[in-house]
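Input: a single structure, listed below in structure tokens.
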Amino acid sequence: MMEKPLLEIQNLHVEFKSGKEVVRPIRGIDLKVNRRETVGIVGESGCGKSVTSLTVMGLLPEKTGRIADGSILFDGTELTALPEKAYRKIRGNDISMIFQEPMTSLNPVFTIGEQLSEPLRQHRKMGKKEIRETIISTLKQVGLPRAEQIIDEYPHQLSGGMRQRVMISLALLCQPKLMIADEPTTALDVTIQAQILELLKAIRGSNDMSLMLITHDLGVVAEMCDRVIVMYAGEIVEEAGVEAIFDRPLHPYTQGLMQSLPSNNERKGKLFSIKGQVPKPSEIGKGCAFANRCPHAFDRCFAEAPPVFSEAGHQSKCWLLDPVSKEGSRDESSIPIRS
Amino acid sequence: MLDFVIKRVIQVGIVVLLALTVVFFLIRLSGDPTPLFLPPDAPREQIDEYRSKLGFDRPLLVQYGEFMKNAVQGDFGNSLRSKEDALGMVLQRLPATFQLAISALVLSLLISIPLGVLSAFKRNSIFDRIAVALTVIGQAIPSFWFGLLLIFIFAAQLKVLPSGGGGSIVHMILPTLTLAAYSIARFTRFTRSTMLDVLRKDFIRTAKASGVPTPRLIARYALKNSLIPIITLVALDLGTLLGGAVITEVVFSWPGIGRLLLQSLLNRDFPIVLAGVFIIALIYAVINFVADLLYAFVNPQIRVR
Amino acid sequence: MKKGYFLAVLLVLSFVLAACTEGTAGDSESASDAKGEDGKQKDSIVIGFESDAATLIANSDVNYVTDAQIRSIYDPLIDRDGDTGEFVPVLAEEWENIDELTWRLKLKEGVKFHNGSDFNAEAAKFSIDYILDDANQSFYKSRWSDIKEVKVLSDYEVEIITSKPFPSLIERIADDLLIMDPVYVNDVGTEEASKKPVGTGPYEFVEWSRDNYLKLKAFEDYWAGPAKIKNVEFRYIPEFSTRLSAFVSGEIDMFKNVPVDSVEKIESDENSKIAETASARINYLALSTFSDGPMKDVKVRQAMNHAIDVDELLEAVLNGHGTKLTGPLSKINSGYTETDAYEYDPEKAKELLKEAGYDPESMELTLDTPNGRYPMDSQVAQAIAAQLQRIGITVNVQVNEWGAHLEKVRNREIKDMFILGWGPAFDAQSTIENLFTEAGPYSSFSEPGLEKKIYETNEMFDQDERYDGYAEIQKALVEQAAWVPLWQQSDMYAVRKDLDFKPKVDEKILPYEMSWEN
Amino acid sequence: MNPQFLLEVNHLKKYYEIPQGMFKEKIVVRAVDDISFSIKKGETFALVGESGCGKSTTGRTILRLTEPTDGEVRFDGEDIRSLSYEKMRLLRSRMQMVFQDPYASLNPKKTIREILMEPLRVHNKYEKKERMDKIRKILEIVGLSDHHLDRYPHEFSGGQRQRIGIARAVVLQPDFIIADEPVSALDVSVQSQVINLMLELQKEFGLTYLFISHDLSVIRHMTDRMAVMYLGKIIEVGNTDDVFENPKHPYTQALISAIPANHPRESKDRIVLEGDVPSPANPPSGCAFHPRCPAAMEICSRRVPEETDFGSGHTAKCHLYQMNEKREEKDEHAVIHS
Amino acid sequence: MTIEIPEQPGSSRPAVTPGKQSKLAFLWSSLLHSWTGMTGFIIILLLLFLSLFGQWIAPFDPMHAEFSKKLLPPMTDGHLLGTDQLGRDILSRMIAGARISVIIGVMTVLIAGTFGTVVGIVSGYFRGWLDVVLMRIVDVQLSFPFILLVLVINAIIGTGLKNIILSLAIGGWVIFARVVRSEVLALREKEFITASVATGVPRIQILFKHILPNLFTPIIILSSLQIATYIIAEASVSFLGFGVQPPNPAWGNMLSEGKDYIFSSWWLITFPGVAIMITALGVNFFGDWLRDTLDPELKGE
């Protein structure tokens, strides 16, 4: 018996207006996040992974961005049509978010306490004292020493790692059902990244919470996630359980990403690399968006966008998986798959 | 903190002394005051006698040394014309100037900050466009023209407000408006653009993600961040308001420092001009100093070290 | 830290400051008092001036604005008649000339200062000595330097002894000298006395707010009887348009120096009128013989006189407000002699220029003028330039700030021509001596023969001989075309219609002589 | 002087002074604090460390982009610090630099042609006519073509820009290139392209690299020897393989263990360090790492550790090993992770 | 808010400096989209046109005084905007005044801008004691209000067109020096400058080939905004009795001559005032647009 997913996105399209041009950073994605699950969204800059998270938060820039189509169902509520006031009740309460830059994501002119009290003020009816106590205990939960002092300090007095912990405690305060972490460790040093990842693992274990982890770092995904979604040029190209993805990536893009990691190559040897670059929005034609860089592309790839092919929960948008076109094109030797 | 103050005091001292030096030589170049005071039929010997009595016949450097020696003790000499203590005369005009400048400043802040904030928030709306256009116009009007226009309308035609003179609140309305027109425009534009900057910041996104409602977001979060650069601008402009009110003071017969300085400049009344420069430079420096302190007060990144 | 803090602090600050400046707070009621719209007897007047008095002590600052204000506080020994400029006794009842170096004055008895002390010979002596005392740095001193001693003969008699013949002494006394109370000045010191003056005049000092206003009230014990207008306020409004607005809106009741083009506007107002008189101040176009240029040639100077149509200037630029001048002096001057005017004759002007060896078409002259010092000065200069253009001369008008203009004149740096005014002048001597000798730069004209004659005439003690001498000089100056005489300035006052006010030739404004019609 | 070394750095120091007002003592930030290392001709030498450890400052100081406070830098036997401005400027034709941010390191107002021509022009290399050919050739090598010549930097993607940056460094055919985080700002798929390019160029021109990075997997892939920096000091040096296989210093051990796993099934015994890197303005006493070191001993806070040699050029500065050598008080924590 | 928009070479980063031809095209298309920018642009074009060809358009000789026709109200006797106190045609004087105002604005900016830029560069690029001295001088000057300073200088060197330009420039260079210095300081730290140093580009060449070209944008923006300031300042100085003097038909001067007629002949003060306002408005609009277009990060000050 399957529990209903916490978050379910269907056929989401997002548009940005810039001048007279319309840019479509998200072109029809479907994804779901189950309760207590950690889903990783992987992709390179500009693939639409951050826009996805902002769309879920309802934080698209008001004037220029809009949801063109699709639905976002969160815990039984349809978010796309939600009035701002109701949305505000969800933000910071049911869904919270951690951002990439801990240095700029905290307001420099307010103390940690002032900033952390905000979600509690908005969503919980608590007295001042109670708020303070809750904040201190949350700060302790994320492993900040001297929580009683830090609450009255300003962001610039803290190091990057501590700030990211503060951001995490901000996201934790109202015990959300879903936490979105947008590149939470990218700006941090390796040793600090290790600390934060450990912390996130611990929190995920102790709280009844789903985590949507957005990252470009496959290593982070391998360590953290239950399920992985790979995005490319505004689309989801592959989705599977974490072991399945690492064992047997199906989409050539996912394969390319993995193979280009130095650790997956022989030392000093030539690294595998995906040729070319992410297409401009205007260059995306009818076909597969990855076709122009794909080592296995064939005629159909340029002519027609591939549908989702699914094999035991492992989904991929690639014509190679089409049993019909397979025979004609697939060259057995060309895809070295790690096992 | 203390050494910061000491350092600033020394800096202020240097700036003021240099300003005095420059103006001392400049004004000596501007001409001979004696013919302006003495009756036109005064014979040349008389003029020479008077000049030597004032010490203007000595070498310039000697005069400069003498002047500086006295100036550092707060003695700028007596007005050539009225023979009163020059510094005293300047100080006497100071309250009126302050009164006008501060009221103009308060008025501009009261109008411009809400206007700028709203304008930034409703960016590109009709409201914003009108506000932007108005502020540009506010900066484009020569202040004496605007002042005369106000007098023409409110004093001469409608006869509801006095045309000038110092004193009561009623007297202050028109000059305050005139003086504030430019600052309102400047502050509004500045508030708008800093606000736009702040609204683009990551931490605003964080606050939004915490579920903070928009009015609170602007009033509490964004405004405090914008305040920091605004304080610096306000400090700069208060200096200009104080010293640069010449035109407003002349147009509205306001008994302030700018008018005295202009008159003294025309009369070549050197001691007053120098005392005036001293006071203005000093005020300017003090304002900047206070602005720095305020800046540090509002900005915890400086305060907490 | 609340967001309102900053504003609140500023607000409080401004109120504190406003409170601090209470002293300067003007009383805006006086204006409406003066209007007397409620039908009560009006007893106040507000007079607008372009600037503050430099000081309120007498005998110190040579400046019409200062003088016009303090003359209500201090009395002179001798005054001038408002129409003719003739001497009238005030605190001096009689004066006589004992010999070439000695003058005797008999003073009025029973006159009291505002503080109650008596006016006497000591006061007269003190006032003259005040000018002479170097410590006081009086700007009048140069005019009085020939005085050797003032002797008190009795309580009400003084004798003035000069170091050389000083025929114009009475003029000096009438034009410069005001009487101060020696006891008061010695008591409080000059500094205090220059802020809170005490005199014998018709009005007592009440309050002086620098650059703002001076308030006086009628002195009830005034020797000639108390003033009809009880309260006088002089208000300082530097900008003309503001002054005019203040007048139009009823804030002030009168002001001097109405520009000719505003006359109509004021006359059209049912509550206002223009009071006008020909002043003792003259305007002229000086032709510089002090620098090497065409003006050294008498024929060129004569040509200028023929080429400039003063009547047209008067009519077109000054709207007729001015009295044409033909020679060096105005008719008011004692010793004035009728001289022939140069006809407007451009052809003759060209001829004269050719005789002098100049081609008007290739002449380029510079005309210096101040701006705003005399009625329409810079406009007159531009109009003169336009007139000279008609005979082909190119004239570049150079407008100078007043201080710079005066300095240029005094330093003899002006090349060709300049506009200047002189006055108030009531006698031939000071005008001729200061304008047409090598020592006096104000017309930039001198001629050795004539200069000798001037100095000889000045020394003559016999009235008739002197006047004959001045008459000859005047004729010679006109022949020499020493300058282009323009006009006697018209002093124009904007006045409330129901104010009884008569302008005086010597520019003095005396509220004592004014009254409100009922 | 060992002829096989192209670059020798001895006791290099770079201190910054931050004035604290008139009456307080200046704060001295020891960005680079007495470091020494040598780079052989043709090898790739890595400087690893977390932000603020002084690795970038070291790179800049070697090129005299900032003047060192003390120490000696010998390039090809020549003491760089003693060179005049002009001589140093000319020497730069032999040592070049590649920067981290491909957006900031190219002048936005210059075309690619101008950017690539400038080094040749200022060093007066080749005949004028020849220069264009050289530029075309180098463009081709870095994977761009002729028609890119007259474009401006903003018309290129990050990866392309970084290649332009590399082309600019290589066009003079230098002997030595300092690459300061050359791939950190790039996406994974582009990163591999740039790494490949650098490796190819090294082969083709016999280049020597000083490769500065915080990305351990990149370092492991492409460098021969490496030095680990912590708070301005080098704490471990050795062949890249040796260091990765057998890290000696507890910090190095922690650093390597912090690399995220390659595969979900890979289990890592991670050493998670406590706290953050202290400020270089106020470094801890003794061994600067001691407050965070899981193996810290009493002596660590008192004495700066000496260098211990583990053979084949692998050295580390840690009291653990000095204790061993001296056979005082054998410590069971000596090897934490192997 | 920072939103990742799919990376598209060409619009990915704010530093918008397209190629030379495309730059003009880019500016033009941006102008077409901004009503303020376009308004400003049209006003400036008109102003330039008037100042270049005004003498052929003006219906009368701006200096010719016709006493019999003085103070005619607008639309009488062929005088569209009336005549002044000497009977000169106001329209013609306004047209001639456009030229003077343009000369004042542009020349002042040229002089103040050049001098201020040189000081700013020397100060910001070479630093050292010279920087300290120069910036102290700037501080000293800034502690004295602009208008008063211009007055003092005008009082010393005398009135007239050349002198007012000089005084305004002496009063105005500091702002250029300050802005340029801070720009240079920021540029010095830019990585592409370091990259040039690392390449071995000589110091002087870095200054001229790398720093200077990157200064153009801020300087042009500042200049365009300062022009308006100077035109208004000239009017103010004229009002106080200095500045350009009659009979020159500078607008400020016409205003100050005409202010005495505010009650009797309103047109004397109205038209030049409106002209100054429109000019300042246009230049400001244009400058703002330029700033927003060329340098989105410079917004505000």
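Order of writing sets the chain letters: A, B, C, D and E. Residues in each chain are counted from 1.
FYI, a residue touches a chain if its C-beta (ideal position, glycine included) is under 8 Å from a C-beta of that chain, and two chains touch if they have at least 3 such contacts.
Here the structure is a predicted model, which means the values were calculated and not measured.
Suppose chain centres are the mean of their C-alpha atoms. Which chain sits farthest from subunit A?
Checked the centroid distances; the maximum from subunit A is C.
I need the chain pair with the most C-beta contacts, please.
B-C
Give the label of the chain whose average Cα location is farthest from that of subunit D.
Max centre-to-centre separation from subunit D belongs to C.
Hey, how far is the Cα centre of subunit C from the one of subunit D, in Å?
The computed centroid separation for subunit C versus subunit D comes out at 86 Å.
For subunit B and subunit C, what's the span in angstrom between their mean Cα positions?
36
What's the distance between the Cα centroids of subunit A and subunit B, rounded to whole Å?
54
Return the distance between the CA-based centres of subunit A and subunit D, expressed in whole Å.
32
Touching at least two other chains at once: which residues of subunit D meet that condition?
157, 160
Would you give the residues of subunit A that are in contact with at least 2 other chains, written as numbers and ranges?
In subunit A, 45, 59, 278 touch at least two other chains.
Indicate the residues of subunit E shared as contacts by at least two other chains.
Residues 1, 7, 9-10, 155, 241, 259, 262-263 of subunit E touch two or more partner chains.
Mind pulling up the subunit E residues that touch subunit C in the complex?
64-65, 67-68, 70-71, 85-87, 155, 158-160, 241-242, 245-247, 259-265
Taking the complex as given, what residues does subunit C use to touch subunit E?
My answer: residues 239-241, 244-245, 248, 259, 261-262, 264-265, 312, 315-317, 371-372, 376, 378-379, 382-383, 385-386, 397-404.
Taking the touch rule as given, give the residues of subunit B at its contact with subunit C in the complex, in rising order.
Counting only subunit B, the residues touching subunit C are 31-32, 35-44, 46-47, 50, 53, 79, 81-84, 89, 92-93, 95-96, 98-99, 102-103, 105-106, 109-110, 148, 151-152, 155-156, 159, 162-171, 219-220, 223-224, 227, 231, 250-253, 255-256, 259-260, 263, 266-268, 294, 297-298.
Provide the residue numbers of subunit B that touch subunit E in the complex, in ascending order.
14-16, 18-19, 22-23, 26-27, 29-31, 132-133, 136-137, 139-145, 148, 152, 156, 189-190, 193-194, 196-197, 199-200, 202, 204-205, 229, 233, 239-240, 242-244, 246-247, 250, 258, 261-262, 265-266, 273, 277, 280-281, 284-285
Which of the residues in subunit D end up touching subunit A in this complex?
50-51, 157, 159-160, 187-193, 195-196, 199, 214, 216-218, 220-222, 241, 254-255, 257-266, 270, 272-273, 276-277
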